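Two complexes follow with chain A in common, the first pairing it with chain B and the second with chain C.
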Partner chain A sequence: MQDTLIHKGRIAEFIHELMQDSQVIAPVSVGGQARFKPIESPEEVEWGYGNTTVSPTEFILPHSESLFQFEQRGTDFNLTYNIDNVNRTILGIRPCDVSSLRMLDEVFKGKYEDPYYLSRRNHTTLIAMMCLEPGGSCFCSSFGTGPGLDAEAGADLLLVDLGEAFYVQVFTERGQTIMERVASMGTPATSADREQVEVLAVQAASNMPRTLDLEGLPEAMGQLFESAYWDKISRKCLACGACTYLCPVCYCFDVFDTCSQAQGERVRCWDACTFKSFALLSGGHNPRPSIKESYRQKMYHKFKFAIERHGYALCVGCGRCLEACPVDMDIVQVLSGAKSQVVEVV
Partner chain B sequence: MTHTATQVRGLVEVVDEHHPEAERVPVLTRARSGTSIMVDTEKTERIRERVRGLLSEGRVEYFIGYEAGSDPLHVSPSFVQQTDEVEHLVWNLMSINNLVTYLKRYRKQRMGLLVKGCDSRSVIELLKLHQVKRENVYLLGVPCTGILDPKKVAARCNPAAILAIREDHDLVFIEVGVEGRTDEPQVLEFEKHDLLFDKCRSCDYPNPLVYDELVGDPVPVRARVGGKFEDVEHLEQSSIEERLSFWQEQFNKCIRCYACKNVCPMCFCAECLWEKRDPQWVTKYPNPNDTFTFHMIRAYHMVGRCTGCMECERVCPVDIPLGTIFKKIEKDCLELFDYQPGLELDVVPPLSTFDEGDQSQEDLLR
Partner chain C sequence: MLAHAIQNRGMSLFNPFIPHIATVVDIRQETGDIRTLGLRFNNRDLDFDFAPGQFVEVSLFGYGEVPIGLASSPTRRETIEISVKRMGMVTGQIHKLTIGDTIGIRGPYGNGWPVDMLRGKHVLVIGGGIGLSPLRSLIDYLLDQRDDFGTIKILYGARTPNDLVYKHLLRKWGEARDTEVFCTVDIGTPEWDGHVGVVTALFEQANITIENTVVITCGPPIMIKFVTMGLEKMGFADTDIITSMEKMMKCGIGKCGHCNIGSKYVCVDGPVFTHRELKNLPKEL
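And then the complex of A and B:
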């Protein structure tokens, strides 16, 4: 598949073309902060953003969604399912967030298929943006989930900012179809352009400010479950939902009904294992009674159970959990610290 | 006032070729290599010495201070229980967290706590509301010369490239460069005032108002630039429709992560309405009405209680200007009741008392 250069002067036209048959989701300024939102015109796009605080994966697994409406009819119920099949294009999604969707896929189309998630996922085109300057909390290169992107990651197209123009790399058939439609807007990329992209990728990776060495981590955690280390580490945690809600790989949800008289709806919305009441059972027992247990659960789910179950950690190194944490809880430091505990014991 | 900055490097770090002469004190291993955490040596040493004393005398079970954070822009709360952990403690110009918020978790234990001027006001208000016992807390007060706002720093230089931040009187020097790149690091110079948190720029009480001992000489109040209530006054002048649309846009960003509520030292209900499961009064579904109600309930509950520590605003991941709400309340409280929370222990909060001279309901609604 031929790579293309689209001059920045023609990018508005490109976006217009995307808007013909899909809702385009791109980073815009909302109340002073960059966030992915549906745009009405290409001018709204904020190109100068880093990684947004809230991941655009919220358009695939939204904070909350109505699953179905119900209405009582005599002795029976009428159900109306809300399957979202709007065509969307997420423009400018970062490599780490693209990779997070692959991990969510495992959850929502593994043993049980979740029609709500899958419909949105299948109706969404991903046009990724390569990272040239990693943010201060990024460590995606530790997982191979950024700052560049390969064809397997699941994006349809990848844009690379070359200053005057965007280099466009095609990964999928869907991406190819888009590029055919906009063929008149670009010129074929040369091998010099390709080289420039490669240089930028190497540079970005070498500027990655943090690294996490996963080697031996699940084994170390296996020995550490009862350790006082978790008590010590978690003491500063405020049991909020900032790190979980912003994590593009966290997927825990809560389901509840809202009713008024004979009708209502069933809603699914994000939940966070870091909240105190997350594990509360009916009857009042809480198997994770304190912050130690809840924070530990978060770490074990992502870095032990997930690695054992799926072969990878539920983390793409986007750094949002650190960036948003009121008390500067640094996941890289917490996990490296866990490993060194075991080394010390041995 | 002197500020000697000392180079404190993580144990994993290589030799610092840029400051070969600087003293190296190992702290906890940090994730980001190549960076340095600068500390105020005098205060840091004093804090460590006193905490060592408090722990070995059995005065406190825990001492809560600050330790080096994930990068030069941050410190992190530090819980010290044993004397050999005392070396983790630091004090520098990033020491922002209001550690008083942890007191609600340790009501029955003897705790030691580091407090700045603003933080000490939270302690006073908690004492008035009988949430802590004075004899259970040992307060090390730090006269504070202002804390840098990481967002303001990030607006001026790439946070990923910051290697060290150092201050000299009213100037701040930020060393930038990228590990792995061969270019010489650059040193950028800023007026400290421009990088301070807004609350520090208009701080009336830099010296703790309640403490057991101070770890430095009291400092003068910083000359204020602009009014403290500027943002509130600006909003007050706009129409009710404009205000509504302003707050709607802001609250629509809210993800209901409750960081603002959980960080607040004055939000101390043992069971919070917003997280209660049995019965569940509100769901986690961030519909606009619930979110609006969430913020308004917090606002009403904070009348005469919020001491303006601005932690809620600092921690909001989606940058909602929550401080403006609480400044509005502070301003109203001051105008209507001539009361400012967190100042004097023996003045009763306005909502805990009744005075015939209070303005009538008609006056309030005018």
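And then the complex of A and C:
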């Protein structure tokens, strides 16, 4: 389908149409910060924001959710559960966060499909927004997960802010269905518009404030596992878990029961490998007894083990971990430092 | 196998998080802090097939879930059995169960012992403490198809004579054709007339042959360390030493991340690994 221009004067109408058959989640201003939330009217949408503090992936893998409810009946138990199949549209999701969902899909599919995640994922339409100005901590261009977006990334539509109008690119059938419904609101985009989009994408990429050179990184980390480098680096980590909680690709979760008398529920909630008891065995043995081992696990899982297992690092370069860290741990510096350690040794 | 189909946008998803309800039909106190439960699924139509060395997630509703290796053999299907050591909240509750109580079971999970690789081979089984439990599943499996395997030698160690599990079976296994059982304890008692010492001290007495022999071992990390060291010194190849790894687990299905080590998830890629595979993993055991 041909790309479309929707004049900003008609964007409220466009959002209104989206709201007809789905819950629309978009960035809104909460206490001066942009946050993805379900909106009640198109006017709430805050377009001129940077990357949100919390990624909208929380609407696919929420901070906590019920896996099932149980009720005791005599000696027997009755189990019930609910699979979320609400239609949602995430409007204004950034390319890095779209890419993170594609990575999470790999985890939650596989031999054992996770119905809670996959149902939400299947019922969610992604309308992405291209980044024109990267934030101060961004390094998505190092992974190819931004600032632009290609058709394979998994968004249904991509919006590009051209000043007077939004350029709309269709990636999927679902996106095409939306554009057919709103056909009267737009005009066909011209090749000049397309060229402008390409110029903006190149400009945004060249303004990227940081880069991480992945070349040779897993190999370097392979040599460095036992190195004192990790003692030195992890010394200031507080193991607070802020980086893992805000990371759109971190998916580790805990499972526990809550109960009062004869009924209760099994809940899962986000967990963090940087927490001390993450790998603690019931006999008291802890394979990762200190912050050094848990911090190292975080870095190795993302930048070595995941590359070996999935073929890509579990990072999209959104920079949230840098922004949130209370002691200014900088993932780019830590990894670049790791590589230079190996170079020094050689 | 799990009968929890969901209709979802035309595709049928199964819910691997929902346990099957099972009833406790038998309880045997093995030691002061280890008991064996016999379980029967309330859904009699459930075809619960498994391999020796696989594990299940056991639910005590209101307390949580724990991964436990199956102790019974798939060749004996009237009930499934698990042996549980009292360690924390969930296992503490398991020790309070009485016959007729119900619990939840998810699984079976993990790869299990490589039984096909053992056909035609001599099998040396080395266990420590509660580690004999997943080995029992294998031993009964081997004995039920006795002609398919060579000699079976079972080396088993526990802290004290009172900590030996499956005492009745140890005797019975020793009576089976071409099967020998050697037991040892770290600390003896006046009544104990058997071997005293660590399990590696049984190697000589057991007259172990290397040729055409595969070692299957399960026990505490310190035992595994010295057993594998001793075996490699004797000349065993690291691909013929096979062990089951214990890791913190939550989901059991490769999602929650707790059992990750290197590029492996112990719950789906293990828990059974060759010693060579373990050597290639980060030293975080």
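By definition in this document, the second predicted complex is superposed on the first by the 346 of 346 C-alpha atoms of A that agree within 3 Å, B and C clash if a C-alpha of one lies under 4 Å from a C-alpha of the other, contacts with A are read in each partner's own complex, and residues count from 1 in each chain.
The rule is short, and it goes like this: a residue touches a chain if its C-beta (ideal position, glycine included) is under 8 Å from a C-beta of that chain, and two chains touch if they have at least 3 such contacts.
Computed from a predicted model, the values in this text were never measured in an experiment.
Visitor: Could you tell me if A:114 is touching chain B, chain C, both of them or neither one (first, second, both, neither)?
Guide: second
Visitor: What is the contact status of A:305 with respect to chain B (first) and chain C (second): first, second, both, or neither?
Guide: second
Visitor: Quick one: is A:122 in contact with chain B, with chain C, with both, or with neither? Answer first, second, both or neither.
Guide: So A:122 only meets chain C here.
Visitor: May I ask you to decide whether A:79 touches chain B, chain C, both, or neither, giving the answer as first, second, both or neither?
Guide: second
Visitor: Pick one for A:328: touches chain B only (first), chain C only (second), both, or neither.
Guide: It touches chain B, and chain C stays clear.
Visitor: Does chain B (first) or chain C (second) touch A:23, or do both, or does neither?
Guide: Neither partner.
Visitor: Have a look at where A:256 lands relative to chain B and chain C in the superposition and call it first, second, both or neither.
Guide: It touches chain B and chain C both.
Visitor: Look at A:227 in the shared chain and tell me whether it touches chain B only, chain C only, both, or neither; answer first, second, both or neither.
Guide: After superposing on A, A:227 lies clear of both chain B and chain C.
Visitor: Per the contact definition in the header, classify A:242: touching chain B only (first), chain C only (second), both, or neither.
Guide: first
Visitor: Jot down the residues of chain A that show up as touching in both complexes, chain B in one and chain C in the other.
Guide: Common interface on chain A, chain B vs chain C: 254, 256, 271, 280, 282.
Visitor: Please give the residue numbers of chain A that touch chain B in the complex, ascending.
Guide: Listed in rising order, the residues of chain A that touch chain B are 30-33, 35, 53-54, 63-64, 133-138, 206-207, 209-210, 212, 232, 235-236, 238-242, 245-246, 254, 256, 258, 267, 269-272, 275-277, 280, 282, 284, 322-324, 326-330, 332-333, 336-337, 340.
Visitor: Under the touch definition given earlier, write down the residues of chain C that touch chain A in their complex.
Guide: 6, 8-9, 11, 13-19, 21, 23, 42, 59, 61-66, 87-88, 91, 100-102, 104, 221, 246-248, 250-251, 253-258, 260-263, 268, 282-285
Visitor: Once bound in the complex, which stretches of chain A touch chain C?
Guide: Against chain C, the touching part of chain A is residues 67-68, 70, 72, 75-77, 79, 81, 83, 85, 107-108, 110-116, 118-119, 122-123, 225-226, 251-257, 259, 264, 266, 268, 271, 273, 278-283, 285, 287-288, 293, 297, 300-301, 305-306, 308-309.
Visitor: Quick check on the complex: what are the chain B residues that touch chain A?
Guide: 28-32, 69-71, 73-79, 97, 101-102, 154, 158-160, 162, 178-181, 249-250, 252-253, 255-259, 261-263, 275-278, 280, 283-287, 311, 314-315, 317-320
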